[in-house]
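Only one structure is covered here, and it is reproduced in the block below.
By written order: A, B, C and D. Residues from 1 in each chain.
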Amino acid sequence: MLKGYTVPKSPFGQAALTPPPPWHYSGDVVGVEFSADPAAVAACLPSGLVPDPKTNGHAIMLFIDWQFTAQDDEYLDPARYQYREAFILVDAVYRDTPVMWCPYIYVDNDAALARGWTQGFQKKLGSVYQTRSHAAPSAAAAPVAPGGRFGASLSTHGQRLADACVTLRKPVENGLSLLTRPTVLLRYFPRLVAGLQDKPAVNELAMSVMDNLAVADAWIGEGELHLPEAHGEELYALAPKRVESGFRYSLSYSVTDLKILEDYTA
Amino acid sequence: MLKGYTVPKSPFGQAALTPPPPWHYSGDVVGVEFSADPAAVAACLPSGLVPDPKTNGHAIMLFIDWQFTAQDDEYLDPARYQYREAFILVDAVYRDTPVMWCPYIYVDNDAALARGWTQGFQKKLGSVYQTRSHAAPSAAAAPVAPGGRFGASLSTHGQRLADACVTLRKPVENGLSLLTRPTVLLRYFPRLVAGLQDKPAVNELAMSVMDNLAVADAWIGEGELHLPEAHGEELYALAPKRVESGFRYSLSYSVTDLKILEDYTA
Amino acid sequence: MLKGYTVPKSPFGQAALTPPPPWHYSGDVVGVEFSADPAAVAACLPSGLVPDPKTNGHAIMLFIDWQFTAQDDEYLDPARYQYREAFILVDAVYRDTPVMWCPYIYVDNDAALARGWTQGFQKKLGSVYQTRSHAAPSAAAAPVAPGGRFGASLSTHGQRLADACVTLRKPVENGLSLLTRPTVLLRYFPRLVAGLQDKPAVNELAMSVMDNLAVADAWIGEGELHLPEAHGEELYALAPKRVESGFRYSLSYSVTDLKILEDYTA
Amino acid sequence: MLKGYTVPKSPFGQAALTPPPPWHYSGDVVGVEFSADPAAVAACLPSGLVPDPKTNGHAIMLFIDWQFTAQDDEYLDPARYQYREAFILVDAVYRDTPVMWCPYIYVDNDAALARGWTQGFQKKLGSVYQTRSHAAPSAAAAPVAPGGRFGASLSTHGQRLADACVTLRKPVENGLSLLTRPTVLLRYFPRLVAGLQDKPAVNELAMSVMDNLAVADAWIGEGELHLPEAHGEELYALAPKRVESGFRYSLSYSVTDLKILEDYTA
């Protein structure tokens, strides 16, 4: 009887891409809030979601340096489990509930890719970087303080997909206020049998369930974001028309569950 | 209506990890045929397969430099679509049919990872290298000739998982004779809903369907293979007890279909 | 007494980035011949070289998949020694001798970087890819034949620096005719002592010495080349005004020596 | 007149691997203090250094997540300038002065490699990871606190070279007390001209000059360190005989100068 939460299934379950939940995450976020072309946002929504009539076009782009652990001290094996992520969330509505939809997301780690697909985060590989803040004072330290600046970028297969810069102005009293809408996701796994390749084996609209969500050291200020055109990608269709703000905070949560909203599997 | 064969689904279907089939592959293979511990081979078989009573323990380890294309000249974008792969196949029996089972496979590319999962190749990311043969004569050229030597290696997350070396002795008249058994695979996609995490959404035993299979320039000789122990991996349980041969050939085939053998989805 | 041709010097000389010469190379070249802005070419020449009055602006961009070996079967350790390279050569004149000058070159391997600096190739790290030709027939095989197409690209730090495509039309009878001018290089190693940072410890104009130069399977046809603007790079200043041709060949040579043309060390 | 502190020299000096000093660094250190085989330490010393009769064999291994900037906001381009480093320092004596010698050092970035060579850090490329500490509370956060644990690893070309783990016990009042000896380095740049390949163009024993050295949040506790054998490396000759402690701190300093101790250039 093979073991493991994901592939590859193995005799001892040690080879699986990711250990089973609970999954714990703690990381640092650099992000930009902006308005994209409302038609482009509407075009990237899946079945089950409609544009938010009040905020259609509103979006955030996040760059996160993540540390992960499950039950076996995975945080002590950073070569395998630490990773970096970049993604975009756009406003939408699910049955009268304001939500955010994640059309594009990139990580630099296969364990994170596998967990993501399981959750409905449609992850691809990318190279993600953000300016860090270090405790020892230096021109290189990037303290979290008024005027503090943080760069971030995303590339994939050698093409730059996003360049961002955030300038901090002031702390945000209630950091959780930056995360007001739940995230809607798509669990999708195709069939390969001839004649069934457009009939996915899994096609579920899902809502992220985040336990113990915590935000620390949240700051807000100005932001810049460029999403240059790139072959084989569609992120750039969501390029900013107007940037609202830039922000930075530390974020943690755990994953033990997922809420399935709709099952579109044929 | 979002488009794309795999995630991420997008307005134009250009962002998906992989274009839809037909998928065409051409590449160079360096491989070693060997005998592993029969108990270790038996232990890595999935439900539906049993050890081959005549050859249990027999295995091959393959390192392949692949070029891929679908219908849109993907072979002209090697930064995105060219990749390297290493995997092990072990003998087994499916309902009286001698087959090979692929317990572990590694690639260095996310499009290949996504296609692999769809087929039932339980792919993880790895770094794969093989000695190449170049046409311009040199001590570095590695000609395909008697005594020609080819090294190969696999690493993941900075740990070496396999080291191989092959010394060619003579051409193989019928290269297809090296590929006699069909490959059995596992399509597996878990659920994340609490209480259902051990009830996968997809759990199918599948058989690879290879169209237009061709082998060119096949040579055989001696082989060496080391599968050192590595944390977070189980490949090393299949380390050689005895090496039979080493080989090298060029290989091509196309994928348009998959045969589902058993559906174990609950 | 520490040993090793380059750093790091070590008790047994096994840790050095590269073994000592002779160095043997065999590889596959995809390239484009073109005309850049003559002023941009003139601006990138080092002291000791002047623009070629007859051909100023003429340049070639080469993408090479290299295999390397020295005296210890390094070609059997492809994870450490196989590499990919992209570089540009522009026409110039050294004391009445028509030469080519290499202003920018990128490799994906530290041993190649170290050898390069020693020769005067001013190497940085980059990700380089080219379409390969495989023997097993397939839509993915890219045969070397009339109409055969080969893509190539260069990226660094997640920015695309070059995209090329070559369409083969006919074999070149004498492949060596594609390599008529010697390559001039700059060996340069700065000082860090305060006050001496603009007085390099090594500043030598050098000419590449290639032993046993061989070209095989040379073909010529049409080419395309794009050198997009990128932050922290100046390659794009040499973007094509007109493309002359595209070509592909296999190349080998050995390095045992270097010719110092001028010593500008203060 | 070409510009740039290092290669490649270019018309605007923007293409050079690294901007000129001052160089500013801020980062997080995870390290282990230990005793290696005294004969192995003695064997790795360069001319000009002798074993420290009182502490011969004493060594530290450091893993550092670095942020770098020069004068042009390089810290806002983390894809190009942020990097990770691992190195070993062993006790030695230079003319009656107790010093530390850096025989082996690895970074994951070419700008850092180039600066290192200039200083006398004999850098190669490697993959380096350390557990980070994030502000948002979580099982994944790794707070700096009694019992806090931090893993670290180094790999190169797919081989694991070092695995470390540190368990914090108590703060260190004066963090600078952890950095008592100056670091001695080797600036070494070979010649390639035939007959002169063992007569380096630069061969200088140097001492690191660190301006504005600061240590913050220093903690000490227990350490573990494994330096497994690896082909093409000699670090493992310095494997611990006994581990003294583990530690973690934040570190910053600037570089504007270097002290040349001895010039062995022929």
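In the analysis below, a contact is a pair of C-beta atoms (placed from the backbone, for glycine too) under 8 Å apart; a residue touches a chain by one contact, two chains touch by 3 or more.
Because the structure is a prediction, the values reported are computed rather than measured.
Engineer: Listed by label, which chains are in contact with chain B and with chain C?
Structural biologist: Both chain B and chain C are touched by A, D, going by the contact rule given at the top.
Engineer: Which angle of rotation, from 0 to 180°, maps the CA atoms of chain C onto the equivalent atoms of chain D, to the nearest 5?
Structural biologist: 180
Engineer: Pick same or different for copies chain A and chain B, depending on whether their interface residues overlap by over half.
Structural biologist: Over half of the interface numbering overlaps between copies: same.
Engineer: Averaging over Cα atoms per chain, report the distance between chain A and chain B in Å.
Structural biologist: 30
Engineer: In angstrom, rounded to a whole number, how far apart do the mean CA points of chain B and chain D lie?
Structural biologist: 39
Engineer: If you look at chain B, which of its residues touch at least two other chains?
Structural biologist: 77, 79, 127, 129, 153, 155, 157-158
Engineer: If every chain is a node and every touching pair an edge, decide which shape results: line, ring, star, complete or other.
Structural biologist: Drawn as a graph, the chains make a fully connected set, so complete.
Engineer: Residue numbers of chain B touching chain D in their complex, please.
Structural biologist: Interface residues on the chain B side: 127, 129, 153-155, 157-160.
Engineer: Under the stated contact criterion, what part of chain D meets chain A in this complex?
Structural biologist: Listed in rising order, the residues of chain D that touch chain A are 24-28, 65, 67-69, 73, 75-79, 82, 127, 129-132, 134-142, 149-153, 155, 165, 212, 214-217, 249-254.
Engineer: For a test of understanding, state which residues of chain A touch chain B in their complex under the given definition.
Structural biologist: Spelled out, the residues of chain A in touch with chain B are 1-2, 5-12, 14-15, 17, 20-21, 40, 43-47, 77, 79-80, 103-105, 110, 113, 117-119, 122-125, 157-158, 186-194, 197, 201-202, 231-235, 237, 255-260.
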